[in-house]
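There are two complexes below, and they share chain A, which is joined by chain B in the first and by chain C in the second.
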Partner chain A sequence: MKHLDRLENQSIYIIREAYSQFKKVAMLWSIGKDSTTLLWLARKAFYGKLPFPVMHLDTGYKFKEIYEFRDKYAKEWGLDLIVSKNQKALDRGVSPTKGKLECCTELKTNALKEAIAQGAFRALYLGIRRDEHGIRAKERYFSPRDEDFEWNYKEQPPELWDQYKTKAKDEEHIRVHPLLGWREIDVWQYIRREDIPIVRLYFAQGGKRYRSIGCETCCNPVESTADTIDKIIEELKTSKVSERSGRAQDKESAYMMQKLRSLGYM
Partner chain B sequence: MKSDVNALKFVIVGHVDHGKSTLIGRLFFDTDSLSADKMEEVKAASKDLGRQTEFAFLLDHLREEREQGITIDTAQTFFKTKKREYVIIDAPGHREFVKNMITGASQAEAAVLIIDVDQGVQEQTRRHAYILAMLGLEQVIVILNKMDLVGFSKDKFEQVRTEAEKFLQSINIKAKFYIPVSAIKGDNVAKRSKNMKWYDGLTVLESLDALQNRVSAENKAPVMPVQDIYKIGEKRIIAGRIEAGVIKKGQKVKILPSGEDTEVKSIEKFLQKTDKSVAGESTGITTSTPAFLERGNIICAGDGQPTLTDSFRANIFWMARENFDKEQKITLRCATQEISCKIEKIVKRMDSSTLEVIEEDAATLKPLEVGEVLIKTKRAVAIKRFNDLEELGRFVLVKNENTCAGGIITEV
Partner chain C sequence: MFDNSRRRTFVLGLDGVPYSFLKQAFAKGQMPHLAKMAGQAGLKKINSVYPTISSVAWTSYMTGVNPAEHNIFGFVNRNADPFRITIPTAQDRKAETIWSALSRQGKRVIVINVPLTYPPEEVNGILASGFLCTDIEKCAYPASFNRYLKEKDYIIDVDAWLARSNKKEEFMQQLHQAMEKRFQLAWELIEKEKWDFFQLHIMETDRLFHFFWNDVENQSEFSAPANSFFEKLDLFIHKLQERLSGNDRLLILSDHGFCAVKSEVQLNAWLEEQGFLRFEDNVEKKLPNYSKESLCYSLIPGRIFINLQGREQKGSVSKNDYQKLRLEIKEKLLEFNDPNNGEKVIEKVFFREEIYKGPYLEQAADIIAHPVDGYDLKGKVGAKAVFEMSELNGMHTYDDAFALGINLGLDSIDSIQDFKKIIH
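Right, the complex of A and B next:
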């Protein structure tokens, strides 16, 4: 079995496993390349029709291309879309200029808390990958969060032979990470192979492109002339810059990602 | 590099401070696999703690790991040689984090066992080696590290090599290579050592390139554990992953445990027409008869079908923090089968490092002990010996929502 097939089959197994065990599940869709790939895999796992909702955490600071893409494909793929926005925090004036830890925590983590409570979800699919960040490299495929959303990274459950943490206490929820073993280049090669639609922010315009997307306020484009998927793949083969180098929230201070994640961030 | 060459996953194990993280850092460094900002981050974090640049920080990313200079949890990362790509699975060497080591090692196809040549075989060297044997990892490279501390002495290398070989033989591991290395200085990692002209074997990179990807179970009799049933339009699709063999349209199959016979009417993949699915594939089938099916059933065919039984012999590794008392009920999970069971007898209770038998016919298993046990399940399960088919020959035991033990089936 070839490399991409191996990854695809493993991810589909995990997606089906989580649904079979938890039923009350939802998928986080940031509209970025990873979660769109995840969504594509879920469509394959369930023969085109997702048996659970897809959730977009809308901070209000996203690129307009993201909103357009979301609405177009939510319709085309018949998604049950939940848009979750922490309007109270926005009204209070929470913004990235006033502190990124607070901004990410309020507009993403707390918006997510609210949505999980409302939907009574037991498990959430996320498109994070080990090669994105050293902290994410420590993750499990099935990773529990307690009632305060905390990730107990010092005491993670054993995970062997595709036997996952599929039993959880009522107050916990499980983060399911079907793409954990994929690398950035695998995602792009799979997008090319499957012809998955992707937001055009990833493709170079005027000598720059976004390698990782999120809020317009906290994403910086990288120097690049890669305006096609083929060129992006070629670029990644030689690049010495890491993927999230343009993401401000990872960098505000040392261990920022660990702090964010231990509070329930993705 | 050809894109159809699969990445090879290997785990680095060994006693604490024998140099696992340093070796990983060296592999990255010498194969030029580090991004500039990653290196900057490691340099800055090392400096903050008032230390020289710590290679270990490349994987030890948790603040607690860096401050205390230990690895708490397993991590996975990537590098490549001219021949192929690799996934390195780092595993903690401390006794307290053995379950994290098992999590890492269970996902590997090969292992590097690292031994400090100055200290020789230690408690975690032996325990980790035993876990490799239990997990069925046959490809093992032994690295004798810190050769610089013993003046690159051939005699010292031979002495520790003999000691390691003797222990590994006792648990049926035949290491493919023994390599004298100084990870910190780079001797025999990517480059041949000028300090050890007496050694004419492979470097670490060459030995990794000599490993094989795990062979798929495609040539065995077909086995497909049922994962779920979907109703899609008029179709009832039985979803699952093929764990062995090939399943084809029109094939006669048997459903266990009911023993009912049916036929594969179609193979179902989204937007894809196909008449077969092979080992490793997550797929779906429909059946020609309305046979009763549910999660945990095993679809099989041909010779050497799984054995349907409610009792079998196994070796289990107890990794929970609490003792296990054999009167307690516990849940067994093997592939998608899940059932309540009892440990009827703990034939032997063993120390997982020395492998000494602590007690025969024991009543309790303690953390990090290995038990040779007889298991009785509430109803029959479809299983095989681990040596015949890993996917139906291994299981976990779950108590209070937690995985407490891993086990392999030795006799059915």
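Right, the complex of A and C next:
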């Protein structure tokens, strides 16, 4: 398990480094397997007691299992939990049935902007991984976002020989990605080794399981009989289906679809 | 000896401008500058590609090869197993572009707004991607150029929802604006940058024809703003010719023609009527939910996929029945008439191996149906009727694109796919 130790060490190093640089930090916790693993690593990094808050972007459309899990472990692990919800947008009736794009923008992006402004956070920890999605392949461990929230992915400082660029300009916040180098299977092997609690939606029931979870309205299960972590790991070794295939359109392709529709091309 | 290699090449792409439209415009005394150039250099009628849509046509142009070699077959694709609708982008393109080849030769290139160049590839110069780039922050190579585009309020593409939500006036204004922004950008780059190859793409001609074809053909409140749109384009071409040196090559071309829509044809609804495509009663009618008993389904425009066992997630047609079924569908398509007037709907039916050749043939639809001009093949599932009308009143045609070359011989050119070999 040398491989997992190396990943663990690197992630813990990044978590500590970011905290010592920025102090005003928060961790995004979607309650999914990756961010729960990230949270586990952070608890290890700070010997069980996090010195910063954990933030859940609550769209109001999450699975009930997610809410139950969040409340149980927030208490058990003594987390300083910030639940960030764009209630104004929800009151206006924003929902996935009315438009997935607006829904994601209002309930995730704008809720996050609001929460960053309120907490005056200078850095945010996220549990994204490079192998999840094409656009994430270009991410860095420390990734600046400017005041417009934009990520200039072609003009990033290089990160050579683990010399991470941790400094931020005043108007920016830095996104910190300690799990960037982990693969899906690494996460599962680590969960098994550490016995990390995980939302039960990941385990097969009636021939289906969720490989990636988010809002109940926009996630579909994949066909699977993997009802234990061992079986999930075995399944991943042979699966050709992409991890996020059960997720609704990513934002960019949603825009493209909209564009194609406007021209009658769909 | 005259050094040919020092000549620069400027390519102006006018999306969807028909040869026949220009001929008529010239005869009416419109677009006088382009008419004069055509009088001197000749205006050549060229063919498009199958299926006749911009993403396939321009990818064939930029790579000089057919879809089975460049791997772009439409605006949407499907992943066969598990079944999923996907949107091809420049990342799916498998053949080298003109500008990449020129970059390798050390030539400096500028490429603006060509469809299906997003995400932007690295070039020796500047590439601002076009249609299907939805975010100006990710539009260009190098990325620093994005800020510049943003500062200039550059418009990648107009918002066709305006035309579809009764805001045609605003839409027309945006067409003018977007084209003028692109001209403005082109002037600055022509002046300030060093370049050996410059490709400027005007997408707005296609957008205008889609929503205002009737207004271009017949008199209406939008005829005047449409005419002034083409006047502006003509003036740009005139100034461009003046700005280029006598040695520079100039190529002006389109990727397909246009004609009036008689009716949109929902091919999946027709396949359903014929019993080829089936849905269980209790499911939402969308393509991924087609039933296992289905024999085929269609993606826009006119691309029919056999529900083949071992390939499709819900495949039920055996390999032995594949060819028999293709022949049966072909026969039915060729007998398919518009009940309103008895006219044929489908002009030609191809099996993929008849029109494509190359390593990505397997990605192509099994059957490609090409309509009679006027019948616009669509791919909606759950449409109320096979024959429908929408806000779109112009559609693409295959054999009516054009090209015009100055200092550039077009004798060897028959189709949009042939240009790469003469641009070097």
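Throughout what follows, the second predicted complex is superposed on the first by the 250 of 266 C-alpha atoms of A that agree within 3 Å, B and C clash if a C-alpha of one lies under 4 Å from a C-alpha of the other, contacts with A are read in each partner's own complex, and residues count from 1 in each chain.
The definition used in the following text is that a residue touches a chain if its C-beta (ideal position, glycine included) is under 8 Å from a C-beta of that chain, and two chains touch if they have at least 3 such contacts.
This structure is a prediction, so every number in the text was calculated from the model and none was measured.
*Asks:* If you stack the two complexes on chain A, which partner ends up touching A:Met266: first (chain B), second (chain C), both, or neither?
*Replies:* second
*Asks:* Looking at the overlay, what does A:Val241 touch: chain B (first), chain C (second), both, or neither?
*Replies:* A:Val241: touches chain B and chain C.
*Asks:* State whether A:Tyr255 touches chain B only (first), chain C only (second), both chains, or neither.
*Replies:* both
*Asks:* For A:Tyr19, decide between first (touching chain B), second (touching chain C), both and neither.
*Replies:* first
*Asks:* Once the two complexes are aligned on chain A, which partner has more residues of chain A within touching range, chain B or chain C?
*Replies:* Counted on chain A, the partner with more touching residues turns out to be B.
*Asks:* Let me check the overlay on chain A: which residues of chain A are in contact with chain B and also with chain C?
*Replies:* Looking at chain A, the two contact sets intersect at 134, 153-154, 241, 245, 255.
*Asks:* Which of the residues in chain B end up touching chain A in this complex?
*Replies:* Going by the criterion above, the answer is residues 3-7, 35-38, 44-45, 48, 58-59, 61-64, 72-78, 87, 99-100, 102-103, 106-107, 216, 227-228, 230, 232, 237, 239, 241, 268-271, 278, 280-282, 284, 295, 319, 333, 394-396, 398, 401-403, 406.
*Asks:* Can you tell me which positions in chain A touch chain C when the two form their complex?
*Replies:* Within the complex, chain A touches chain C at residues 134, 150, 152-155, 241, 245, 252-253, 255-257, 259-260, 262-266.
*Asks:* Tell me, which parts of chain A touch chain B in their complex?
*Replies:* Where chain A meets chain B, its residues are 1-3, 5-6, 8-10, 12-13, 16-17, 19-20, 43-49, 130-131, 133-135, 137-138, 140, 153-154, 156-161, 163, 165, 167-169, 181, 183, 189, 239-242, 245, 254-255, 258.
*Asks:* Okay, in this complex, where on chain C does chain A touch?
*Replies:* 53, 75-76, 82, 84, 86-87, 91, 131-132, 134-135, 137-138, 141-144, 146, 157, 159-161, 164, 207, 210, 264, 300, 376, 378-379, 390, 392
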